[in-house]
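One chain, subunit A, appears in both complexes that follow, with subunit B as partner in the first and subunit C in the second.
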Partner chain A sequence: MNIRIIKENLVRRAMFGLCLFVFSLIFLMAFGLYQKSKPILAIVSLKDLLFSSSWHPTQGHFGLSSFIAGTFWVTAIAVIIAVPLSILTAIYISEYASGCVRRLAKPIIDLLAGISPIIFGVWGIIAVVPLVRDYLMPFFSRRFSFFPFVSDNYTGFSALTGGIVLAVMTFPIIISVVEEVLRTVPFEIREASLALGATKWQTIKYAVLKKARPGIIAAVILGVSRAFGETMAVLMVAGCSLGVFPKSVFDPAYPLPALIANTYGEMMSIPLYDSAVLLAAFILLIVTALFNMVGWGILLYIERKQASG
Partner chain B sequence: MDKRRIEENVFKGLMVFSTFIVASSLVLILITIFIKGFPALNLDMIIKTPKGGYYLGKEGGVLNAILGSLILGTAATFLALLVSLPLVFYLNLYLKKNSRLALSVRFILDVLWGIPSIVYGAFGFTLMVFFGLRASLLAGIITVALLIIPIMARSIDEVLKMIPFELKEASYALGATKLETSIKVIFRQALPGILTAILIAFGRGIGDAASVLFTASFTDSLPYSLFKPVATLPLSIFFQLGTPFPEVQQRGYASALILTVIILFISILSRILSGKFTKHTIK
Partner chain C sequence: MKFKTHISVKNLSVWYGRHQALNNISIDIPDKKITAIIGPSGCGKSTLLKSFNRLVELQDGAKVAGEVLVDGEDIYNPKVEVTHLRKKMGLLSQRPQVLPASIYENVAYGLRIHGIKDKRKLDEVVRHYLKESNLWDEVKDRLHSSASKLSIGQQQRLCLARGLAVEPEVILGDEPTSALDPLSAECIEQRLLELKNQYTIVLVTHILRQARRLADHIIFLYLGNLIEHGPAEEVLKNPRYLKTKSYLEGKFIEEPKIDKELNLRGVIYPDNLIAAKLALGDLQFGQILKIIVDYEQAASELPKAIEHEGHKILEVTKLDKNDGAIIVQKHNGGYVI
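So, the complex of A and B:
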């Protein structure tokens, strides 16, 4: 056989192998982390781990609930801030903005996505922490001294701080996905609506957004998952003190990813500690993988529907 | 003025406001880092390694972290390229356009892209334990490579998708195999896009801290062995800000400025590159 054909076939096999490797990577990760978290699951039930808030590794208590609550707080705050701002920005860029603004927007969003998480953390410490400590916290706790605003944490390192920093970090993913989705909405739909005498905003509200709704939901899901797993920036600004179950936006929050990151030094010295921490990583993997599968699944479905006519 | 007009204007105002917030958040971040970091920046920061007591305010710099990050980032990018490039060529040239395998690999890449870096770090840690490695440059390189494979593969994929179909056909018609077509025709045509993808992935790899925390650890000495821990710039910033001493925190801000400048430089370079290197490409 010709040497060129032999080369061709060898390379084809190798490439197929790479394909399988990438395909199996996510299962490998799940398997590896699950194997490592087995020892603790054998001793403590999953229910106890998820719903107990007692975290004393030296005594063998590994309750994750306050960390799960912390994750919930920062993610929720980030999403509440980021979603409306990102969607409005994406609509503006794709529907209203002039060519010049549009050309400027892309590099800005790319750059925002490319900045290191640690830089967001530094920015959070320099700018957002004082903002929360000196302005937001006194204002809200005086005016609205009820459920989510009451706290005795006056440091500025709080769930809200983490949420604000996270919100800025989730802008790029939500904006770029929504913009992409809006671009797939056929131009004729807009023209038909405008021809009926609708204003531009009415066209967007009743025609474009209706068509784009599944895609926007996907964008939000992807944004949630991004906020859910972000580690270093949150670790730096959210307070992260042990033994506090966050009940207010101004309480310090200690989300799961930050917990994993913070234990790197001591993890191997206490029995079962590494197992508990890797269980947290396993939970994080499963949740973000599910969110991403749903989000990208919706987008894939839209794309295929578009292609088939 | 009628109600519709008012609604139109209100929402338009809201949109302009949101866009302004998003854009100004980037500007604010850059300005804050610059204002805080610049006064603390000096030559010692860049050309010296931390001396004893550096984290207590004694003299030294972060050369160990700068070099460590560059070496780790470069090696990881190279490793990721070795996986991504053949993979993407396989997806685009060897598989049919609507093949199920191609569809599912792209889907998995998208999902992998959304997995947080701390999970990669934890996975890298389990791999390390499995193979009996200690926290080292090698473990860091492998973990960061895994982290940036999805980013790199998906960006190269976007580039290859844009390549005109006729180019492939012309090459096949001359009797070239798919491998020859890939290397001699498609690769050249896609080169500017591939370089951009490499730079994007490099920027991501160099800026990530959560994945190297467990796997590459940290050290005050310069990187000299694949099997020894290595310092990285993001972690260096993290540790310097974690100290209670204002002068060390100042240096943390300066290190943050160094990292930001590196990342800015990479992203500007990638913009310039995507415009150049078009000697062999067909418009």
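So, the complex of A and C:
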């Protein structure tokens, strides 16, 4: 038989195998985590695990709700800060900035994306924590003493701090992707709008952004996914104190990834402890996967709607 | 050539980075007529067109020098509000560019961005201009469905309606039929012919037949230089210069081989005529002389006088702001170009 054909078959099969391996990893991981968290699910009801906030491993209480709430606080704050800022930055870079500024901005943003999370964490402790402690927290507790701002945590290590640091970490991803997306919008669309006498901002608002919407949503999903799973920097600045259900942006938050990183491997002699922590990991995996799927679903829906009108 | 001027271009040069796309163009565009800009691709047709509504500035590294007077006002004056200027100039691009919105919103877009919110007025304008561009009957039942669903010919008519809705004075067409099927193209051409009573129309086209069908006035550009312009009849039937003739006959355009160059800058008529005649006397029949003169000289009597002597003027161009060149072929009975 022709050696070329053999090679061809071999290469194709090898690559198929590798591809299958990569795909199966996600399922293997999910399955493994599920297996490991089964013991606790057998004893404590899922409802208690998800909605109880009492975390006393020695007494067999493994309520995860404060951790889940912490995750959502930190992520939501990060998204609220990061999404508008980074989309506007991307618009500036791609639509208004001169070629020189654009060429300069791009590598700097990529550099920001490449910095290790621990550095963001340290920066958070020395810069953001004092900012929250000395300015934001006193200001808000004086002027806006109602729901998401009331807190008795004066340390500066809080959900808001974690959110701010996380927002800074998600900037580069969103900016970079949105800028890329804006660049794919045909120049002629802008020309058509400008030729009618629209200002640049009107053109961006009504023509460019509309055309780029699916891509921008994809960018946001990408950013949020990163925010969800980010561990190190958040762990350093978000407070992470046990037994506090975060009711305010100034309360300390203890997100799921931080819980896992902090406690897994310690105190494993406590019954069901590792099972509870791995359940937390399983939940994180599921939530991230769900979020991604919903995001891509929205994206597909919009794309299809745009294609068919 | 007596006509009312609408757009007056004076010494317009455009650079993209280091590349000069237009070289000292000076020309008048007649009011309420169709002016066709013709020339081989890459000769600066679109650049000239887009310099009329300052879209040319959007290109990276574009630099513009000179003046473009619209209604007597220099549009490159920093005081001119560019949105106001562009409102005066409807643009039909090569491929129709519908905005990502409904048919209705596409036509209403121009009005909305200029601050008209009255629903009844918008409805009326949309209906009027869709009728004007011959699209109303085809879309009246689906005004609120997406414009991208229309055929490409319908899209171009929609773009026409959208452009007309802001009540421009000028319609700029950048090869508006080149992406369309013959029927749609025909439809657009018909619309343009009907619209020329109300609007000044400037059309870039690479289709000579289209220029013949539509144009009242022709501008021929070659490599960023204005070679010839004038009433369509004259330019298309009896082109004065060699390059125009080659282009119209579908021949390869080549630079004439210059046998002798004569610098007559600062020399005025009729001294320059005498010098030119002496120089021509030294040449063989059929050889080519390039005379560099002050542009006013090149643009006035000198070429005519040389032609009167029986020599053939191949080209009169503007070299830069002040200087022009006349390219003359010494007369010889047998030489056919």
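One rule holds for everything that comes next: the second predicted complex is superposed on the first by the 277 of 309 C-alpha atoms of A that agree within 3 Å, B and C clash if a C-alpha of one lies under 4 Å from a C-alpha of the other, contacts with A are read in each partner's own complex, and residues count from 1 in each chain.
Here is the rule we use: a residue touches a chain if its C-beta (ideal position, glycine included) is under 8 Å from a C-beta of that chain, and two chains touch if they have at least 3 such contacts.
All figures in this text were calculated on a predicted structure; none of them were measured in a lab.
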Of the partners subunit B and subunit C, which touch A:E8 in the superposed model: first, second, both, neither? first
When both partners are placed on the shared chain, which of subunit B and subunit C touches more of subunit A: B
Applying the document's definition of touch, where does A:Y206 land relative to subunit B and subunit C: first, second, both, or neither? second
After superposition on the shared chain, which partner residues are touched by A:V168: those of subunit B (first), subunit C (second), both, or neither? first
Where does A:T231 make contact in the superposed view: on subunit B (first), on subunit C (second), on both, or on neither? first
Based on the superposed arrangement, let me know which partner A:M29 touches: subunit B (first), subunit C (second), both, or neither? first
Once the two structures are superposed, pull the subunit A residues common to the subunit B and subunit C interfaces. 199, 202
Where on subunit A does subunit B make contact in their complex? 4-5, 7-8, 11-12, 14-16, 18-19, 21-23, 25-26, 28-29, 32-33, 35-36, 84-86, 88-89, 91-93, 96-97, 101, 105, 107-112, 114-123, 125-127, 168, 171, 175, 199-202, 222, 225-226, 228-232, 236, 257, 260-261, 264, 277-278, 281, 284-285, 288-289, 291-293, 295-297, 300
With touch defined as at the start, can you tell me which subunit C residues reach subunit A in the complex? 53, 55, 58, 60-61, 83-87, 89-91, 93, 95, 97-101, 109-110, 113-114, 145-149, 159, 162-163, 166, 172
Which residues, counting only subunit B, touch subunit A once they are in their complex? 4-5, 7-8, 11-12, 14-19, 21-23, 25-26, 28-29, 32-33, 36, 83, 86-87, 89-91, 94, 101, 103-105, 107-123, 125-127, 129-130, 146, 149, 153, 177-180, 200, 203-204, 206-210, 213-214, 234, 237-238, 241, 252-253, 256, 259-260, 263-264, 266-267, 271
Subunit C partner contacts - residues on subunit A that touch it in the complex: 99, 186-199, 202, 206-207, 210-211, 306, 308-309
